[in-house]
Every structure is written in structure tokens, then in C-alpha cells.
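I have a structure I would like to understand better, so I am pasting it below and will then ask my questions one at a time.
A, B, C and D are the chain letters, set down in written order, and residue numbers restart from 1 in every chain.
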Amino acid sequence: MKKLINSVDTVLADSLNGFCRAHGDILVAGEELKFVRRKDLKAGKVALVSGGGSGHEPLHGGLVGHGMLDAACPGQVFTSPTPDQMLAAVEAVDTGAGVLFIVKNYEGDVMNFEMAAEMASGEVARVLTNDDVAVEDSLYTTGRRGVAGTLVVEKIVGAAAEEGRDLAALKALGDKVNARTRSMGVALTSCTVPAAGKPMFEIGEDEMEMGVGIHGEPGRRRVKLASADDIAAEMIGAILKDLGETARGEALLFVNGFGATPAMELYLMYDAAAKKAEAAGLSIARSLVGSYVTSLDMAGCSLTVTVLDDEMKALWDAPVHTAALRWGM
Amino acid sequence: MKKLINSVDTVLADSLNGFCRAHGDILVAGEELKFVRRKDLKAGKVALVSGGGSGHEPLHGGLVGHGMLDAACPGQVFTSPTPDQMLAAVEAVDTGAGVLFIVKNYEGDVMNFEMAAEMASGEVARVLTNDDVAVEDSLYTTGRRGVAGTLVVEKIVGAAAEEGRDLAALKALGDKVNARTRSMGVALTSCTVPAAGKPMFEIGEDEMEMGVGIHGEPGRRRVKLASADDIAAEMIGAILKDLGETARGEALLFVNGFGATPAMELYLMYDAAAKKAEAAGLSIARSLVGSYVTSLDMAGCSLTVTVLDDEMKALWDAPVHTAALRWGM
Amino acid sequence: MSETDPRLRKMFEAVAQAVIAHADELTELDSAIGDGDHGHNMTRGMQAVLGELDALVAKPWNEALKAAGMQLVMKVGGASGPLYGTLVMTLGKSLDTPPTRDGLTAALHAAIEAVMARGKASAGQKTMLDVLVPVSEAVSAGRSPAEVAEVARKACAATKEMLATKGRASFLGERSVGHIDPGARSSQIMIEAIAEQLGDAK
Amino acid sequence: MSETDPRLRKMFEAVAQAVIAHADELTELDSAIGDGDHGHNMTRGMQAVLGELDALVAKPWNEALKAAGMQLVMKVGGASGPLYGTLVMTLGKSLDTPPTRDGLTAALHAAIEAVMARGKASAGQKTMLDVLVPVSEAVSAGRSPAEVAEVARKACAATKEMLATKGRASFLGERSVGHIDPGARSSQIMIEAIAEQLGDAK
């Protein structure tokens, strides 16, 4: 395992300390690093709290700040945070207007946030993200995973929260954004969890994993490495098929790197994906390209399409100031 | 070689097309992709033009926009652009106030920009960046390389150009920022140039290259993999030693990923580096953490320290809107 | 601190040590069809319990189990944290103290119901429930500790050929077949440790 | 288009093909002590020359060289582009047409001076100049094409033990020793191709 670390036991704390130190102008760390929160809270605003296993940086801590989250709870690497973390975060950021949890659909995350909601004293609502089309959404399974589309939900709902909307309205908006968002991922390499010290799976020089999530788990299929155009065609095809009738008009196209794939390749994938999406009749009105929802040091990327309406577009454009996303201020 | 590409011959064009497509709100591509320029030029402003081999994305194209560059010329991967590219860029962005070339100190870049300057009709000045302390700066050699510190020069000079300063003043400012900036890099893996198809060097699981540049060239020494704290201590030590008396007061600390190192590790390195720099008496007033000056898919990072004064700090804080750096607007 | 029942310390220690001793294997199993953290998660929880052991064993059985369950909830994380936490907390809530065989049967039943409710799952989905449910049935049926352990061993092995429809492994679809479920294995390890303690105590 | 001198086409073709045939080797050499692009850079330039060949060979020697040099400047990039471009352009500017032996000697001298000025370098720094300078001296001394090619071969081999103080290889310090310089090798390949042509022409 080749990583810039001090020891496997301190990776998370060392990294969080560096993160809070580098962004001390907008962020503060909670006690025992249970959460990271905005420095300046806004009284009367619904507080947005997210979190999940670590290893997906900058998600979620890098999305805390004006116009997005109020707090994020980092679990151990690829492990949901525990309810005491969410409780401490709620305690710290709830200014009386209630708290909206934004939770990626993994049973661990769902149950830990659920227990926290049961234990919390104030009002708590939840938006569950499940944008990954690689997982079949069936009544008989856990349902789809929440992946990179979570960032889009957090941005749009965050902007609406900043406007002063109430908890019920924000939950409804979050559910709507999630319903209009789909993602799919491909991995060229595995990733290495520091504590494990070796890659989670072996993969040949000419192979890729189609339909991976963001936890180094194997995908749906192991296939031969294909060209960027073919990969984009398969992923955009699956996304648009799943969106069905919703896939019309303007869209946001988000190409997300998994951690070890450089900007050169991400932009190349953006080109391939945008062409496919436009050929299918979508108009790409907004775009985001970069490594925002990562899987440690995995090489590969995911594509996310969010079908926009005017409200969502305006909220996407609204000012944001976090460690990872910043514009308009 | 595992990359998200269509073919080795089209990597650069495909990636540039995606880049210009994704940032079409602020950028336009020049004919034959010879350069990328700002969409909106500002008459009477000195034009800043940079460029260099590709494979360092988002440098330089990602730094084109309000408050930074007016145009960037992308060479082939790790190969300086050719004078016709700079000439075409100058032609496109010179509004009459002259052009400042910002050139990283490599003989290829130096000579190609020099030939372009000789052929250009308008007024052209040049700032040469050479922040890499891994290379001994001797009268008998090519001198130090320009690496990640180039971004700092481009940001600060770009902000000053926006204020309307003239060519001579901007050149002087660029030289000053460069003189107060030092960097050093470490690589955990090699990188793979698409056309070559295999890593540029072999390296063991327990080894690292200390003092690497950004072109996959071997560093000064091959050593055993060390802890983040020890790596940071060596790099910050070399940087501060080289800065000598200049290293006092406030500084910008920039932790730059080489392309395959995720945010988690970069923030961990930031923590280690900031502690060392502060223990040596510097006060870290500004910070930047991310993969901005990359070396394709190399794992590793560089540390850059720029000693700030009030003017530089204000210019660093000035609004900027590029693909890779954005704040205040 | 006085100990209400010396068996309690032995029980907690035996379970924690057994899980910790098998951490690598659990992580290995989770790497194949999950995200490779089950061994670490369980170890973190068991170490928290060991760290609080003196305080725990000063409590009566039911209070000790409630507190240990809360430790698991707050320390394990992932899916297994809330599930094992709920299991142990509910055991504590439902158990009479000192425990009787009938009380244990009822409490185990209640605890497994709580796990099913928390995880919206049932047996047959390739999870820890595929060990816990048959174990509970064997206990109800009056089987000996050694027999119960044997039931757990078989039930765990049987998860290998199952298709996962709950937990992360479900994301793999058909590819989940052919691997033992990590949570089934950790359940079996704990049951075995308990059975050994009860056997010795007999 | 009429050709002013049939030797011109043969000369350009021979040089371009020789370089392209050795592209992998040049890239290999550049990977060891540079950035691994020399073979690609040179191939790009040579293909540009071949692409313009009909137009080039319609010009007289000096104009053809000037135009070919400009092609190299605009297509090769890196350090070698401006250097080889300057070399060939200056050859064109300095050469009488049709070329004479004395004229060639003087033009080669001028061209190498121009390369040294462009690159602020001289022989002994582990660059193409370590081949070009002795070759120029051998030409001045009246050596035959075969002898000049032999001088180039030896000079190229001698760069192996040199310490680089110019070009990317200089960043490596002592680690640059033990590898042949890629630019020295490309120079040698071109000289050899030219010498063969001149030898055949004799």
C-alpha cells in the first residue's frame, strides 16, 4: 500500500485535522472530530446534516458551508458514522427550525441516521438519495445506492435552505431532485482501505468493473476495457433509460472522478458523455467535472445526469462557499 | 495502461474539447485547439499568456479566466507548445496593452516562448518561474524547474493585471512572487504517458522518489517510503532553507496533488506540512489544497510555500473565475 | 467495583476475544461481497466493550447488556453496528435477571424481532439473520449449547450458496453467490463463544 | 511540381525515415533521463516534413531547408523543436545553392553556432551538441561521409558517461550518468542517414 499517511490508525484524524486547519475560515471541527460544521450558523434556517463513511472526500465535509450543508459526520473509512456523531452535530447546528438529514441509501447509513433521528429531541426529516442505476431497484432488495448525485441534492437543497424554506418544503425538494437524478460508475482499478493494506479486488490490465459503487465493492460485471466513447455510451444509455420520460429538456451533467483519475481523463469522458446525452435530445445546461465523490484511490469515474427545471437551475446557480464547491461569493 | 481514452492519438484533442465544452460559459478554444482563451477580453488590459506541455491539468487551461490568464497554449503531453500556438494566442488576446508570457523554466518552454516572442509584432515580456528546490540552482546548469508555484504567480499577477497595471509592473510583480515561492515534490508511483503506454519508471512497493518534477522524470533520490510527517519535514525543511531570510511572517501553503492522490491524503499532508512550517515560525495565512499542477496519473504531491506581503495577500484574495480556481465572483 | 455475576465478565470477554481473533477473516469475507470493513467494525465495538468491562460487569445482567448494546451502536458503525447494538440492547431489555432458560428464549426471540425491524429483513436474504433465526429456534426447542453451536455453524456455511437481497452484498446480484456472509460468520463466532461458556458452566 | 534537385527528396526521405524507424528507441532513452517524448516529438516533425515533401523539393536547397526548419519549429515542440528547427533553418540561410563542400562546411558551422545560441549550451553538457560539434569539425577537416558517420557514432556513445548540465537530464544530477542522451542519438541517426545518401551519391 502506497499512501501519504502516518499510520493506519491515525489516517482519518490526521486528514480531518488538516482539512479543518486548511478551511478554518469557514469550518470548525466538533468535539472528538465527531462532525465538521459551518463556522457561522444562520438562526432560523433549517440545518442540513449529512455524513457517511470516510474515503469519499471532499464529500461530505467539503460540502459544508454557505449554500450547502451545516454539518457533516465522517464515519470510519467506508463505514457509516454512529448515531452519537449525528446527535452531536444536530445539537451543534439546530437553531430551532429543524434538521434535514441527507442520507445515501446504504443500510448502514440509513439505520445509523434513523437511530439518531429517534434519539434527537428536535424535529428531524430525511432525504434518502439512491441515484445509482447500476443497482436494480426492486421491491425485494435494498434498492439503489446513493452515490455522486448526492452532491447535486445537497447543492440544490442547500440553496433553498439558505432562502429560508421550511423543513417539509426542503424534504420535498430533496426528494424531487433525487427523483430526477441518476448515476452510474466504472472502475479501472480497485482501491485500498488503509486498515486493510491491500486492494479490495484484483483486476487485470485489460479489464474494468462496470457499475461500481463508491466503496470499492465489485461492480455488476467485469468486462474488457473499452474506449471512453463506448463506456460513456453504456453509462449514459443506462441512465437515460432509467430516467425514462423525465429525460427531456435541460440537464446537469456531472463527471465525477473516483480519486486516482486525473482531470485530463475526466474532461475526455465529459466530452464523450455530453455528446451522447445531447444526441439523445437532452440539452446540457450545467456541468461539473472533478473528483468530488471519491472512493479512496480508485481509478475510474461516474456520470450523473440531473434533469433540471427552472427552480432547480436557479438553486444550482445560487452562491455557495464550501471547501470543494464555490461560486457567486 | 489503464486510462479513460479513445485512442492515444486523440487524447489531447478529446480532452480539450471536453474541457472547452464544460466551461463554455467562460472559455473558447482557438483554431486547431492551438490555445484556450477567455471568452470576454478586457480592452486595455495587459494579456497574460501561459502554456506548456499537457498532462498537468488543470494547469494552464483551467487557470484561464477573469483574474488569471487570458490564454493558455497546450503542448502535446509533457512537450512544450510550439511558437505558432503562442503567436495565435497573442493575436487573439492582445488588446494593445502588451502580453506577458508566464513560462515554467524548462529549456523547451523557454525556447519555444522565446521564438514566439521574437516573431510577435506587439510588446511581449516574460516571467520565468523556477520554484523547485529539488534542483540545485547553479550557474552551470539549466537552473531550477518551474512547478506548482507557477499557479501562485499566475493568480497574483492575474489579479494585478485585472487592476490595470502595465506590462513592466506586472513583470516585476511576477518576478517578485516567483522569488518568494519555493516548491518540492515527492512521487509514490510513476505516471504513464498515453503514447508510451507504460509507466516511465519502475518503483518498488516500499519506495518513493524524492524531489520529482511534474514530467514523470525520476527525482533526485530513490528512498524508502516514509511517514507523511517525515516527508513533510524533509520538503518543508528544504523549502525554508532555500527561502532563507525571506521565510518570515505570513505565508501561503499549497499542497498540490500529482493526479492520482486523493483529497484525504492531501489534507493529511497539509496538516503535517502546516505544523512544520508553523513550528519554523511562519504563519500560514492562506492555503490551497488540491490537484492543480498534475503529472498525469502520478501518485504523490508537492508542497509550495509563498511568503506573502500585504500586496500579494490582497491580490491572492481578489476575485477569480476560472475552471479550477474560483472565488469572490 | 463489585461484580453481580462472575459469569458476565467471562461471557463478555469470551465473545469479544473470539470476534477480535477472527477480525481478519471477517474483513476478508466482507471484501469479497461488501466493503471490507466488517472485521474492523466489530473489533472497534468489542474493544469498546472490553474498555468498559469493569463498569459493565458491576451492573446486573439486563443493565449490562443494555449498556453493552449502546456501546456497539455508538462504536461499530456500518450496518452491523445498529443491528448488533439493537440485538444486545433488546436482549438486555427483555431478559429477566438473573437469566433463566425460558427468559433467555423469550429475550432472544424479542431481540431478533428487533433486528428484523431495524434492518427490514428476514431470514433467507444472506445476512446475520440466517444464523440468528435458526439459533433462536434451536434455543426455543431446548437444544444444548453444543447443539446450538452446531446449528450456527451449519447455518453460516449455508449462506455461501445464497443470493443476497439485503445489505451491500445485494448490490452484486448474482455475484454475491459463492461467498459466506460476513455478518453470518460474526454471529456464528459469537454464538460459538457463548455456547462454549455455557457448556463450561454446565 | 518540378524538382530542382532529385537528391533533395532522397535526402529528406532518408533522414525522416531513419528517425521514425528509431522513434521507440529515442523515447526509451528519453524516459530514462528525460520525460519520454523525444521519439514522439521527432516523429511528429519528420511526418510534417514528409507531408510537405512535394512542396519542399520544388524549392532550391536553401529555401527547402529554411521551410523544413520552420516545419520542425512549428511541429516538434519541446527542447528539440526550436533547436533542430534553428539548425535546419540556419543551414538553409547559410547554404549556397547548389551546395558545395566549402559552403556546407561554413553553413554547418553557422547552424551549430545558432543552436548553441538558442540553447545557451556548448559541447560537453550531454546534449545533441556533443554529436553536432565533432561532426562539424570532421566535416571541416575534410573527412569522408563514412568517416563523419563514425565520428557521430563514437560521439553519441560517449554521451553515456557524461554528466548532464543542460536539458531535462540536468535535473537528475549524478543520476544522468550511465545513459546515452536522446538528442545526441537522434543527431547521430540523422547524420548517419545523410552520410549514407552522400556515400551512395559518390
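Convention: contacts are C-beta pairs under 8 Å (C-beta built on N, C-alpha and C of every residue); 3 or more make two chains touch, one makes a residue touch a chain.
For reference, the UniProt names are A, B = phosphoenolpyruvate--glycerone phosphotransferase; C, D = Dihydroxyacetone kinase DhaL subunit.
Bear in mind that the values here come from a model prediction, so they are computed numbers and not experimental data.
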Under the touch definition above, the chains in contact with both chain C and chain D are none
As a quick test, compute the distance in whole Å between the mean CA positions of chain A and chain D. 54
Inter-centroid spacing, chain B versus chain A (mean Cα positions, whole Å): 29
For chain A versus chain C, what separation do you get between their C-alpha means, in angstrom? 31
Touching two or more other chains - residues of chain C: none
What's the contact topology between the chains, one of line, ring, star, complete, other? line
All touching chain pairs, where touch follows the definition stated at the start: A-B, A-C, B-D
Residue ranges of chain A in contact with chain B within the complex: 1-7, 11, 14-19, 21-23, 54-55, 57-58, 62, 188-189, 205, 208, 225, 227-229, 231, 255, 259-272, 274, 287, 289, 291, 294, 296-297, 299-301, 321, 326-329
Per the touch rule, the chain C residues reaching chain A in their complex are 27, 31, 33-37, 40-41, 44, 73-83, 85, 118-119, 165-168, 170-173, 175
For the complex, give me every residue of chain B touching chain D. 53, 75-84, 106-108, 111-112, 114-115, 134-136, 140-142, 145, 193, 195-196, 200-201, 213, 215-218, 220
